[in-house]
Amino acid sequence: MRYLIRKFGFYLVALWAALTVNFCIPRLMPGDPVEIMMSKLGQKGPVTPETRQSIEALLGADSSRPLPRQYGDYLAGLATGDLGVSVTFFPASVIDIIGRTLPWTIGLIGLATVISFLAGVGLGTLAGWRRGSWLDNLIPVTTMFQSVPYFWLALILLFLLGSVWPLFPLNGGYDVYTVTPGWNGEFLGSVLYYGALPALTIIVSSAGGWMLGMRNMMVSTLSEDYMLTAEAKGLRPGRIMRRYAARNAVLPSISGFAISLGFVVAGSIVTEAVFSYPGIGSALLQAVGGNDYALMQGIFLIITLAVLGANLLVDLLYSVIDPRIRARS
Amino acid sequence: MTADTVALTAPVTRRRPTWPPLTAKLAAGLILGGAVVLFGLLGPLLVQDPSRVGDIGLAGPSGDHLLGTTQTGQDVLAQLAYATRGSLIVGAIVGVLTLLLSAFFGIVGAYAGGWLDELFSLFTNIVLVIPGLPVVIVISAYVPDKSLLLVSLVLAITGWAGSARVLRGSTLSLRGRDYVLACRVAGEKRWRILAVEILPNLIPLLASQVVFAVIFAILGEAGLSYLGLGASGSFTWGTMLYYAQNGLALRLGAWWWFVPPGLLLALFGAALSLINFSIDEIINPKLRSQTRASRRGWRMSSEQLRKAKESTL
Amino acid sequence: MTRPVLTIENLSVDYLVDPPVHAVKDVSLTLRRGEVLGLAGESGCGKSTLAYGIVRLLKPPAMITSGRAVFHSPEGHDIDWGDLGPEDLRAARWDKISMVFQGAMNSLNPVISIRDQFEDIFRTHRPALRRRERRDRCGDLLERVGVDRARLNSYPHELSGGMRQRVMIAMAMALEPQIMIMDEPTTALDVVVQREILREISRLRGELGFAVVFITHDLPLLLEISDRIAVMRQGEIVELGDALDLYTDPRHDYTRQLLASFPSLTGERGSFVRGALDDRLLALDAIDAGAAKETS
């Protein structure tokens, strides 16, 4: 129980920190984001005073107001879910854009990350269990993939599987010409088909890291005393591997998720850019390109919150599978 | 009884870092990495001006241009040499900054203990869960003209936390070791214990964290530049890929333009990973006993090993 | 004399490193049914290697270079431990010979409950057992070693060192094996807990009649609980005999040295406080008194 309270406490502080960073960046940076946005909005249509106010609360142009007041306005705005309007996608609000793009990213990145984690941990378990086997000897090769930049691998895959042998589509999230979005088989099939190559990129370049980490932990775990006990007990090797070795060895991989999730997000933003995937990473880049500061800050906030949420989930999961953690803290 | 006397009379053992044995892995890593560094250092002195525009655009590799030309007829090899230098500079700056930041927040905090440790660890964990690249992208968006130094600085500020957390864990465990406690009882100064007893033991770990930091910095910068958000007017592997992408190298099949920078990056990353493997084996003795090199030290035939495998795991 | 339960013939174990270590040299032993055989010797003399060699738990670079260990079942079969295939070997472990290890504190898997670690044994070796029965047995076993059955739901970190070792002993009894090998089972525990556990082992052995190979570097402790004692030095058994004989009339110099290295036995009587375990202890005390009189 204390563990849970501590964890929730930490994530509350982290949430506050994320909100504050989001508040500070536009105010600390050179330039006048509000003016740039206002003039751009002005070209697209009339700007209501409310719009101006909400953007100012977010980006902070009005230097006559003291900072604490600005901070209060900013938090109040966020509390009502107001993230301003987007210039690039005018007149859509930032929340709308996020709602439209986030499912794509969670579907692609989330799924690919989970798959690569499971595949990497599974292969790492086997490699550590059978040290010196061909799978174990493959490890240095897979770590080479780890140092291959996501987007370069994506480029190569696109070049080979999209241009040289045109097996996969070059970009997009689904076939915009022939299928209509909705819960129909045709659309889902198209989504899977279009998502395969980006997902493959993410899996290939990140599974190796999980595999190496898991393999090394397996090797360490194998020399623990309880492994010898398990063997002396005459348990079947498969059971020893799963319940005794892997069950213990996986713990650092799970707690290492926090460190790696940031990299996964980073890699996937770039991957989305390569494939022009209609996710939140592409939207972020469009916002950056179009000086759409409100959208940019909104997306930054959402990405950060998503990563925080994922970490919280992982922490909760960890407390379920490691009984010691509940007692320790 | 006997156990007690043994514990009392046994010399206070300290683990001193040893140099990694020169295994094939380490040798390969050092040679590959060294070659890339040499290319980055000397290459720019030997090649033509990377920005000089020629008449023959998008020509494949030939005697004149060993790695072909870009769309505007610039020599790809020349660009590659300068790009290597640029990327290595980023890696070096971030490596040093990460070393300083993570050592400060990880080692000093954990060694001091108390509220300072709590505070540093909270700060580290918060930086850790806030994803770095989005921060970098957002900051880049506000600053149109960036130097390579600024980009490196931002990368370091967003990337040190993972290392700090790892270092904190080790420092905590070292702090509780017998010989450190013994020094404390003997009344040695605290900074001296830190410098003489603890830091030397952390060197392998520091080294591996710096190597990681260099890899991730180079990767991060490449990603940023590829998105067009890198340092302005610089040559790095990422900017080369950015121009290749914009010059439709992919569609036009100009592989000599977009393959070399990525390949070099991957090679350099792999070289550093190989070096890190060897460092890992020092840090984690359990891994060492399982390396192929140590297994070769056993006087066992493969027949004997196979038999052994039948009876135990 | 009845048929022995285990015969070890000329067992040798080498660590094939450079240079090779001959950890166990040509050891022959018989273990009688239901006896406690003490195995004494200083650290590093090869006691653990011998124990693991018997059940073939040695890992490379250790290798059995010669000899064999034969288990004699009560029904009259002989099982050469070295001839068993992987699957038979696995099935024979714990069922015929169970072990309690040196690193008592870390012998339990930290992330699964005590119950699961018990049930693993039954599920593997007694698949026909029903769930209810299995659970009851786990509880009974725990109570037998003096641990509340509610502890089944605990995790290892929630138990004290002594309790963990009791749990290990309970597990070792789970399949009612003929032999239990205990490798320094009490070394990591404090003296009071050590006493309790030794008493427990003696009692259980009396109830269930399994034979025990009890390994320790602590010779006085062995004198208390063993029927016979083997003294090991640099991989060889230098002396093997009745506990009493070994104490009163050590043949080998090394045994004498070992005995002498425990001042409590040769020095003042009573400087050595021990709980009354069984008759043997009283007998020993009487001898001790006699010895003290003689020397003074």
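Order of writing sets the chain letters: A, B and C. Residues in each chain are counted from 1.
Quick note on the criterion: a residue touches a chain if its C-beta (ideal position, glycine included) is under 8 Å from a C-beta of that chain, and two chains touch if they have at least 3 such contacts.
Each chain and its UniProt protein: A, B = ABC transporter permease; C = ABC transporter ATP-binding protein.
Every value quoted in this text rests on a predicted model; they were computed, and no experiment measured them.
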How is the touch graph of the chains shaped: line, ring, star, complete or other?
-> complete
Which chain's mean C-alpha position is nearest the mean C-alpha position of the whole protein set?
-> B
Separation of chain A (ABC transporter permease) from chain B (ABC transporter permease), taking each centre as the mean of its C-alpha atoms, in whole Å = 22
In whole angstrom, what separates the CA-based centres of chain B (ABC transporter permease) and chain C?
-> 50
Rounded Å distance, chain A (ABC transporter permease) centre to chain C centre (Cα mean) | 54
Each of the following residues of chain A (ABC transporter permease) touches two or more other chains, namely 231, 237
What parts of chain B (ABC transporter permease), by residue number, touch at least two of the other chains?
-> 295, 312-313
For chain C, which residues are shared contacts with two or more other chains?
-> 57
In the complex of these two chains, what residues of chain C are touching chain B (ABC transporter permease)?
-> 16-18, 20, 56-61, 63, 85-86, 89, 187, 217-218, 261-262
Partner chain A (ABC transporter permease), residues of chain B (ABC transporter permease) touching it in the complex = 25, 122, 125-126, 128-135, 137-143, 162, 165, 215-216, 219-220, 222-223, 226-229, 241, 245, 250-251, 253, 255, 258-259, 261-262, 265-266, 268-270, 272-274, 277, 280, 284, 286-287, 289-290, 292, 295, 312-313
Write out the stretch or stretches of chain B (ABC transporter permease) touching chain C in their complex.
-> 1-3, 295, 297-300, 304-305, 308, 310-313
Note which residues of chain C are touching chain A (ABC transporter permease) in the complex, please.
-> 55, 57, 90-95, 98-99, 101-103, 106-113, 116, 120-121, 124-125, 155, 157-158, 168, 171
For the chain A (ABC transporter permease) and chain B (ABC transporter permease) complex, residues of the former touching the latter | 10, 13-14, 17-18, 21, 25-26, 29-31, 33, 129, 131-132, 140, 143-144, 146-153, 155-156, 158-159, 163, 216, 219-220, 222-223, 227, 231, 237, 240, 258-259, 261-263, 265-267, 269-270, 273, 284-285, 287-289, 291, 293, 296-297, 299-300, 303-304, 307-308, 311
